[in-house]
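Labels A, B and C are assigned to the chains in the order they are written; within every chain, residues are numbered from 1.
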């Protein structure tokens, strides 16, 4: 066959070529994770988790402030963002096949593409200027704004998967619609929504930019929501760009902890989700 | 209680067809609608708030803001040009680097990989997107930049140092580092979306091509890819949008100097990184206003790109031009 | 287990009689005035999708330059069998195959034979018309060549010949540059036939080609098959027995992956030898 060999060669080259591209894509993943483990493992210690940072320039200390700060910020963000997201998702799935629903969906999709630093600017103007100080509340609000569209869309998609017959069964038992939604539909979609929440938490736990001028940062552990609060990503940033070797070491350790958390949540969420249509 | 008579109705359609409903239902519906509406409210409020804060800067500098190279908090003279240049240059170059790798990955995952490997490999690629920006920055400072400074950049200097692109002293930090780290970060976005777009092309196109005696690669290149064209373009635009807004990793390796230069070795700055650096301690209202105006530019452009990308992708997932029957 | 005695190739070369004659095994020996060789011979073909055993020991002869129809209820394996003939079955992940299929005496599953080359000799038309939406009508016809990066001698002539053979030329000759998907369903299917014929194959496989078409378009395609029979060997899967009766010379009845009966179309529909065949064609099931 004329040119058959040429065609066959191209076919083989293309197959190997695209495989090569996949491997190239994975190189940074392996490199980053590898160095994190290498450089970060050594910095992990009891002190790291329990002590506060030492004054600038002194060796030692830990990141207890950042760890608790992140926990509080993310927790508060969940408190604000999850109900808004889940209830919004319920609206879209159960009542939202109208123009309003279309607008909401559009805005949510657009929001997930907006740079997080722009959200920071918004919250700065809204909260920080009004309160006249940086605060944990401002940081949590920024994170909640980032989290909400993800949770809303995931909730909507999952609730749509719950079959109509289940709702009708609930209604046939004489339950009002809102009880059917909360009791039957939500419960059926609960595991899927849970994975959506996991992914949303993983995403905001690593956010740095919007916190730079909302929660700002703090060397102390505090539970006061109207004061600045430290967080893991911000502290990593501050330490990384500083000139102190000891701080660099701690930054790697903190990065290892952060990535460990984020990847664990991600893997868990993805492995739990049976995605249809991803294999042919 | 009216039950929907159409078993295929969506829950929302069924709600609409049902008559009044009791008070509890109505309240619930309003409650959830309010929460859903918050999304719209927040988006609108963001736009308005940024416009308001940057009003002073808009008034003071007008269109000249976009072309001026000044950035002097002491003299209160501000211009966006170096940052626009830095953002555009770093994003476009990053796109050029990431595109072939991302496309190749998407094609492999969607068309060529053996079944058992597709899901785990797909998850690995998506994990790349899950790593926070600040971590890439950290790795960029301590691992990638020294490597650039010691290995890659001297190589380019030796071979292409006569061109303006590789002139100057290799420092590791700078435009090249920024472009590379951006490329790594937008790669998973482009790859996953492209893979989903490819998977949406109906199987009957593939079978048609194979039945005509095409090799696997010919089928992909000449039958599948043309159908997925606009969707892949959408994926690329999404990646570009992500690159434009990327903050932490860029600011940690790009050198943070408002230089406009041809050389990849030199430092640069981007819209997002200057905001990250200066916003918290902005000296004075005009400074803050100018920074917010930079944020507004970023917001507006990414918004626009996002809209275009979603339209393109939505078009492909509805199927290539349908037949009249 | 199916131990059917099939008409051997020589049975294709006998003369017509009006009565059916039963041999010792009770199978009708049908006779037909035809001289036709065997184009494709299937020997003990088995196929699986994962664990599901969808074809069981199918042995069958396809006569050259005749139309052979495969009928049977949904899920009986007729589409799977036809896809084994151009090795499209193995493209599905998890699909397995065992057996021999000989095209002009050569095993098409022989390691050295690339399916890519096989599919130029054995073309296929699918259930739903699938012209390439991004190509014009003209480029769709030439798609088989374009995909391979080859240029045929006299492409315009080839386009016209193929479209004429598919009875589509007069309807589209002035709009060859329009998109392939701008045609009606029936026209698209004839375009797909033209596309397959442009490669000048020896065999044309048709997998329920009319099931997505309206009756008028169906009639046109059936008329086409009568003309195409003179030059190409046709294997057609159909869920319509009337269609099989109208267009084919030989008919095979499959049920649950097994070949129940295979004979001339006339014999199958007037004197079915097997009770299940009779039940199916009289509509008692399926």
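Definition applied: a contact is a pair of C-beta atoms (placed from the backbone, for glycine too) under 8 Å apart; a residue touches a chain by one contact, two chains touch by 3 or more.
No experiment lies behind these values; they were computed from the predicted model shown.
Q: Farthest chain from subunit C, going by mean C-alpha coordinates, please.
A: Result for max centroid distance from subunit C is chain A.
Q: Which two chains have the greatest number of C-beta pairs in contact?
A: Looking at every pair of chains, the most contacts join A-B.
Q: If you average the Cα atoms of subunit A and of subunit C to get two centres, how far apart are those centres in Å?
A: It comes to 54 Å between the two C-alpha centres.
Q: Taking each chain's centre as the mean of its CA atoms, how far is subunit B from subunit C in angstrom?
A: 49
Q: Nearest whole angstrom, what separates the Cα centre of subunit A from the Cα centre of subunit B?
A: Inter-chain centre distance comes to 16 Å.
Q: Residues of subunit C touching 2+ other chains?
A: 93, 116-117, 148-149
Q: Going by the contact rule already set, what residues in subunit A reach two or more other chains?
A: Residues 7-8, 279-280.
Q: Hunt down the residues of subunit B that sit against at least two other chains at once, touch-wise.
A: 115, 215, 218
Q: Quick one: which bits of subunit B touch subunit C in the complex? Just the residue numbers, please.
A: 115, 202, 204-205, 207-215, 218-219, 222-223, 226-227, 229, 320-325
Q: In their shared complex, at which residues does subunit C touch subunit B?
A: Interface residues on subunit C, with respect to subunit B: 86, 88, 91, 93-94, 116-120, 123-124, 126, 128-135, 143-144, 146-149, 179, 181-185, 188, 192, 195-196, 199.
Q: In their shared complex, at which residues does subunit B touch subunit A?
A: 1, 3-4, 7-16, 18, 21-22, 24-25, 27-29, 31-33, 35-40, 42-43, 45-46, 49-50, 52-53, 100-105, 107-109, 112-113, 115, 118-119, 121-128, 130-139, 141-143, 184, 187-188, 191, 199, 203, 215-218, 220-221, 238, 241-242, 244-248, 252, 272, 275-276, 279-280, 292, 295, 298-299, 302-303, 305-307, 309-310
Q: Of all residues in subunit C, which touch subunit A in the complex?
A: 93, 114, 116-117, 148-150
Q: Contact residues on subunit A for subunit B in the complex?
A: It is residues 7-8, 10-11, 14-15, 17-22, 24-26, 28-29, 31-32, 35-36, 39, 83-84, 87-98, 100-101, 103-104, 107-111, 113-122, 124-126, 134, 145, 148-149, 152, 159-160, 164-165, 167-168, 171-172, 174, 176-179, 181, 185, 202-203, 205-209, 212-213, 216, 233, 236-237, 240-241, 248, 251-252, 255, 258-259, 262-263, 266-267, 270-271, 275, 277-280 of subunit A that touch subunit B.
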